[in-house]
Amino acid sequence: MNKAFIIDEDRKRRLGFEEVIFGASKSVALLSDLLKDYVEKDKNVLITKLQAEKAKHLLKDFKTAFYDDESEIFMLSHHEISNESPTRIGIVSAGSSDIGVANETYYTLEYMGVKSEVIHDVGVAGLHRLFDHLEHLKTFDILIVVAGFEGALPTVVGGLLPQPIIAVPTSVGYGTAKTGETALHAMLTSCANGITVVNIDNGYGAAMSAFRMLNLIEK
Amino acid sequence: MNKAFIIDEDRKRRLGFEEVIFGASKSVALLSDLLKDYVEKDKNVLITKLQAEKAKHLLKDFKTAFYDDESEIFMLSHHEISNESPTRIGIVSAGSSDIGVANETYYTLEYMGVKSEVIHDVGVAGLHRLFDHLEHLKTFDILIVVAGFEGALPTVVGGLLPQPIIAVPTSVGYGTAKTGETALHAMLTSCANGITVVNIDNGYGAAMSAFRMLNLIEK
Amino acid sequence: MNKAFIIDEDRKRRLGFEEVIFGASKSVALLSDLLKDYVEKDKNVLITKLQAEKAKHLLKDFKTAFYDDESEIFMLSHHEISNESPTRIGIVSAGSSDIGVANETYYTLEYMGVKSEVIHDVGVAGLHRLFDHLEHLKTFDILIVVAGFEGALPTVVGGLLPQPIIAVPTSVGYGTAKTGETALHAMLTSCANGITVVNIDNGYGAAMSAFRMLNLIEK
Amino acid sequence: MNKAFIIDEDRKRRLGFEEVIFGASKSVALLSDLLKDYVEKDKNVLITKLQAEKAKHLLKDFKTAFYDDESEIFMLSHHEISNESPTRIGIVSAGSSDIGVANETYYTLEYMGVKSEVIHDVGVAGLHRLFDHLEHLKTFDILIVVAGFEGALPTVVGGLLPQPIIAVPTSVGYGTAKTGETALHAMLTSCANGITVVNIDNGYGAAMSAFRMLNLIEK
Amino acid sequence: MNKAFIIDEDRKRRLGFEEVIFGASKSVALLSDLLKDYVEKDKNVLITKLQAEKAKHLLKDFKTAFYDDESEIFMLSHHEISNESPTRIGIVSAGSSDIGVANETYYTLEYMGVKSEVIHDVGVAGLHRLFDHLEHLKTFDILIVVAGFEGALPTVVGGLLPQPIIAVPTSVGYGTAKTGETALHAMLTSCANGITVVNIDNGYGAAMSAFRMLNLIEK
Amino acid sequence: MNKAFIIDEDRKRRLGFEEVIFGASKSVALLSDLLKDYVEKDKNVLITKLQAEKAKHLLKDFKTAFYDDESEIFMLSHHEISNESPTRIGIVSAGSSDIGVANETYYTLEYMGVKSEVIHDVGVAGLHRLFDHLEHLKTFDILIVVAGFEGALPTVVGGLLPQPIIAVPTSVGYGTAKTGETALHAMLTSCANGITVVNIDNGYGAAMSAFRMLNLIEK
Amino acid sequence: MNKAFIIDEDRKRRLGFEEVIFGASKSVALLSDLLKDYVEKDKNVLITKLQAEKAKHLLKDFKTAFYDDESEIFMLSHHEISNESPTRIGIVSAGSSDIGVANETYYTLEYMGVKSEVIHDVGVAGLHRLFDHLEHLKTFDILIVVAGFEGALPTVVGGLLPQPIIAVPTSVGYGTAKTGETALHAMLTSCANGITVVNIDNGYGAAMSAFRMLNLIEK
Amino acid sequence: MNKAFIIDEDRKRRLGFEEVIFGASKSVALLSDLLKDYVEKDKNVLITKLQAEKAKHLLKDFKTAFYDDESEIFMLSHHEISNESPTRIGIVSAGSSDIGVANETYYTLEYMGVKSEVIHDVGVAGLHRLFDHLEHLKTFDILIVVAGFEGALPTVVGGLLPQPIIAVPTSVGYGTAKTGETALHAMLTSCANGITVVNIDNGYGAAMSAFRMLNLIEK
């Protein structure tokens, strides 16, 4: 049979970023082949949603790689982050259970060469925690707001602050949380205006959409 | 055939309140029969979810009845509200579109002989509107919080105030609001502790559960 | 990176109860950090939905903690329950499979310093079991009714007794039980009046909403 | 084009009953053609779920037909009911809003030449109404139990009585009643043993399954 | 705390059958307690949906018990089946993957003292297999038809045979089979008349509803 | 603003067929503009899912157009059907309520210059009606099978006949028919092998996929 | 009772834009009151999702207002658009049925004082139509991509162009289009990276999120 | 009890292909019995969806069998593929995660004696990869297009190429991918005309429907 993959080598030219690998549904054998191909072509590598068990196998052959248990991010190498570049992106999480998704955003931005900062655990059940950070949050160009359960945090932030807000629903919760569906639907139907939303647990996608917005600043 | 209904005449003794009539699925003919039976037995009458078209027909025969278009509440007579009784129940609504459900709660309580007050349109997209009423909200024994769209208001109120909170999701919104399902699920999976919830658009049920709680105060 | 959590130290003042920890989605490492912080600050600790495997790890370091397998409740210390305080809250379960959720309510109330009593296995398929307890049930101020499968018990109780009723759907059942969704929806659309509902398997939330209602009695 | 229908003339021989017509999705023109064909072949005719507007048109041409607004049943002629035949089937409805579905069952049985009796409005919110009829209900061979909202009545009846029980969920209710889906799922996952269920609002199907069971008695 | 269960000792008198135990959500400890109580009271015992792992534990203490891997049925003792009693009930399965559910029905009937016969693997994709058994199927008083995937078999049988038909959807299939929901909905909306349906994988419930129907024959 | 549409004039070259117009969501004004553009360019026109009310308006200006009430098809002109061309496509419908969808297929094929034949009302509840047509059905190259309710007909046909089978679920039915979703899911999870499926009520799509298959014959 | 609404007069200061009115669930009486209040306070007014019937009534009293039938947008007055300002935002629609949502975006931007341009009907079934506009699309800073049915257009655009992309699913389609849910889910799970999404038919929300992004350019 | 299966030995005559075995829900014991029966009758054997764990057991007894981990296909023997036969069927996959389903199609066709070719990883996020293969794709008679996530590939292919297109949604993705449901619904509601669809992950079904279409060529 034919080779099972074709790397989109033109993506960088078209979009300004390279292809990354979705790890969850691929076998270790296939991922190993892919990694070798990337390494040979001297490309950076990011694998998302890589289960710990599979990461363990790959780390044996790719010893310099970085793997984060909470976010299931696997990185072989990445763009340099200049020390002078400002921290334009704030990642705000509702609860400490959202750490995995917040980290996925953080490391993806690091991989893209972009500095960000995570403000953890400022959920709506204790609003003063958010208000304590409000002045700090005003300093970012873009806000990525991560929340599970009822997903109210992006709505509250969106009513208080004028920046672009990328809402990330997480699958944290049980019962009517419906593995993130309720937070997703709540964010989409938010009474706060002009919030945009990405897929459930898609910290990676939030980072990439922030990356697209950074194009606007450079101009 | 047999008569199509049996009034639960024992309910008052058991539960402290009488049977009310769900109007949405009954024909005008059946409702008219029911009303006559209630009147004959000298009982108070409350019909909920009565469509305007059907109300128009009934108002011809029952001229003293009260009908509210926004809430679709039809009342023939009700318990007296004593002037001295304190206003124990605050009804808080997120948006002015929630007026129908807020009114259903208000008029049901009136029907039960209970004073309440509605604070309209203090939704989460403009939090200061809520904060402006916070001290006032502290004076109520029970809070009924009505919200559509993403349904975040009960979560925010529940994080700020210690009273029993009855959350009422409304079917206001479109798309992922899913005619109230998203607000309902968000309220049930709220990160604020100890909120209880009733059915979508069920202003009547919220009033009745508040009524049950009033038993606790009398003791 | 920043610390992954912020304890809401003001919650006690605002709401009368402290923050508890949702255990299901947190790693052992994160939970261990949280526990140390609570202990240092001399706070009581309750973790809900803590999987047995993770509890085993934490019990090694926190030897005095209490853990209940059925309810997945982990407690490090709690409020004293005065011997004189009356048992105001009755927890009624439909089947013996509901024991986990009933226990979650029971231990949460114990943690809050509140006495309660569980009446197990009085489901609707054998109504006489409920009727045998009816006089006893009348003695409670608040009833928490726990049921899986079709979730009919709160409706039956609500038709017989006048107290505030907090219905808790459980995920017991299979097929159309839909891991608790059917019981939840049945309780929300109950033909009995004034029942309020919490999330599926949310024994913790039921306890907290009962706790809010106890405020009404003290006055 | 070809004729749009083929009457299953063999059904009577195979199953003991004739084909009936589902009216909801057919145009008046098509129904009129069908009726003429039935009349020509000297067959009995039953149309179910026939909207009032369409019935009005058909009644002009088929003046002797019977039409019931509540159940949307249209009958041109039916089997004789012998005066001596016992009333073997009891139809029990939870609320007076369920009258349409209860009538659909009643008239379908009449069409099949079978006597039945409807006991209306004995829902679970006022259990004593059911208990008042319990001795009478024991006299039937088969019970058809019709309920909307949370659909608890068949569970309660099934826990009290030993006959075959056919549960019919109705679309009465709103919000989480989900146009009958919740009652349906509740009945299917009932904790009472050996209840069988038919489609939402399918009073016709309940009658037909009772008819199949009558075969067992004749033996 | 109180004992976690109350055996419905009156059920046999009311309904003609005793309580059985739902095994899926109970711990081994609780099941063991229940079994001891049943044994002490000299009652027959049937546990349904008992996972193999838990059965292994119980079989150590209750060595004479019978356990069937396919159906997850556990039986300690049961009613005698008289050799003279006719085989009134035919269990028809669509595919060999449905064996677990068909067995659950078979063994439940055995437990109730009722003879039945299983005709396996006569699904609709090869209709002639069904036609080969048609004359044999006519000899049963009641047909229980078990099918997964699209669940068409009860519809086909219902169009060919006049007996009471109890349709049992199974969770066999993948994708749009939706763990039995599609078969369930298909059976409920069958174009064949008078089929009744039980919960997904509920072989036990089908047996119990057949048992209720047997009352009709005795008369 | 710009013109609201761009006709895909290249489609004929690429795919062998021209663009058609989806009528359901377009205003009469927009449709009128589109029709004029098509007429000017001397193109054939087919509008699908055009509500009767809107068709009435368009027929005033485009007097030679054909409109079929049952299928909501609007045609201004179409490809010639040669008299010699064989009838390669059989359209089989389960019930006479499916006539609208069957007609949509028939007229779309007519529009494409392809002969077809409809065999109505051979649903599974009376299998002999299908068997009576079996020899005739063998003569077609392609079978399009249209069914609502439980959607069993394509499964039965697929088990009996070897041709390509395009299954079309219809929204005929109520309750668990779920406006066609159950038939759709049943067809997709059919135990008969190699059936393909199109969207609910998509008679047009079935015709177009048959048209694509005709390419195979010409070779 | 109290007044039914509170205008968030502080929103402009906080977020840079004023409150707009959701028209779909408000009565004409309530809307009229709101409009008068806005006019008195000399504020701009935008009402979204205002049904034509209700607009007709309001236009009688507010004669200078603008109303667009396709988008159901009602505007009383708006911010000036400077002639020199560049057209930074491109609105791309998949089909001519998406015109209503595209217009909602266009007019909302106009209301905010922002120029935009709509490129209609460049859906994926005729890709060359998109490619014909590709160079033009590169000139915009932000792209808003509107699509119904399977919602593939944002994925294709996102694979070709590097700008921020706001995807707007529309409720155009039938059957499995599920009134926009399928397009919504498809856009959220797009294999193209960094697309963000708003609610179904939420042209207004897309405009507002683009407005938030414009802040980035000014800096 | 009776034997648990009946092989449809007539299928080959009726449909041109033999029965295959669905492995996912069968125990090793049952599968082993089935295999022995097939071997005895000298029939070819294909098992689909056979979990690796169960395959390991069967491979011990059936040593010559072929098993593919990615697709979970198990083959004991198959039809010869003639070297001269042209490669009529192209299998196109959107991503390398779709390899399992693509392989299921490939090996099923091999089992049927039909040559095919897989073109991997030409998804919509990098359209040029598809365009690079376009001329090659034109050479196939039938295209089977496999895609997960948003499932856009069949729509794009269907807009570019005139052959019959069988779309296969896969369960690759997370969150709103809904284990393949979104791709399925997107393909069914595609704006490209005449695409047909099979069940989620049903590579086997796609192969079989292509096999049915090959009948058209032979004529």
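Chains here go by letter, A, B, C, D, E, F, G and H, matching the order in which they are written, and residues are numbered from 1 within each.
One rule holds in what follows: a contact is a pair of C-beta atoms (placed from the backbone, for glycine too) under 8 Å apart; a residue touches a chain by one contact, two chains touch by 3 or more.
For clarity, every value in this text was computed on a predicted model and none was experimentally measured.
Specify the chain most distant from chain A by Cα centroid.
It is D whose centre lies farthest from that of chain A.
Which whole number of Å gives the spacing of the CA centres of chain A and chain D?
55
Calculate how many whole Å lie between the centre of chain A and the centre of chain G, each centre taken as the average of the chain's C-alpha atoms.
Centre separation, chain A to chain G: 27 Å.
Where the CA atoms of chain E average out and where those of chain F average out, how many Å apart are those spots?
43
Residues of chain B that touch two or more other chains: which are they?
Only 95, 125-126, 159-160, 174-177, 184, 188-189, 193, 199-200, 202 qualify.
Taking the top-of-page definition of touch, could you list the pairs of chains it picks out?
Pairs of chains that touch one another: A-B, A-C, A-G, A-H, B-C, B-D, B-G, C-D, C-E, D-E, D-F, E-F, E-H, F-G, F-H, G-H.
Can you tell me which positions in chain E touch chain D when the two form their complex?
Chain E residues touching chain D: 14-17, 20, 141-142, 159-166, 184, 188-189, 193-200, 202, 204-205, 207-213, 215-217, 219.
State the interface residues of chain C toward chain D in the complex, per the touch definition above.
On the chain C side, the touching residues are 94-95, 123-127, 149-152, 155-156, 158-160, 173-178, 181-193.
Enumerate the contact residues on chain B facing chain G in the complex.
69-70, 95-97, 99, 106, 117-122, 125-126, 128-129, 148, 172, 174-177
Which of the residues in chain A come into contact with chain H in the complex?
Residues 1-6, 8, 10-11, 19, 22, 24-27, 30, 34, 49, 171, 180, 184, 199-202.
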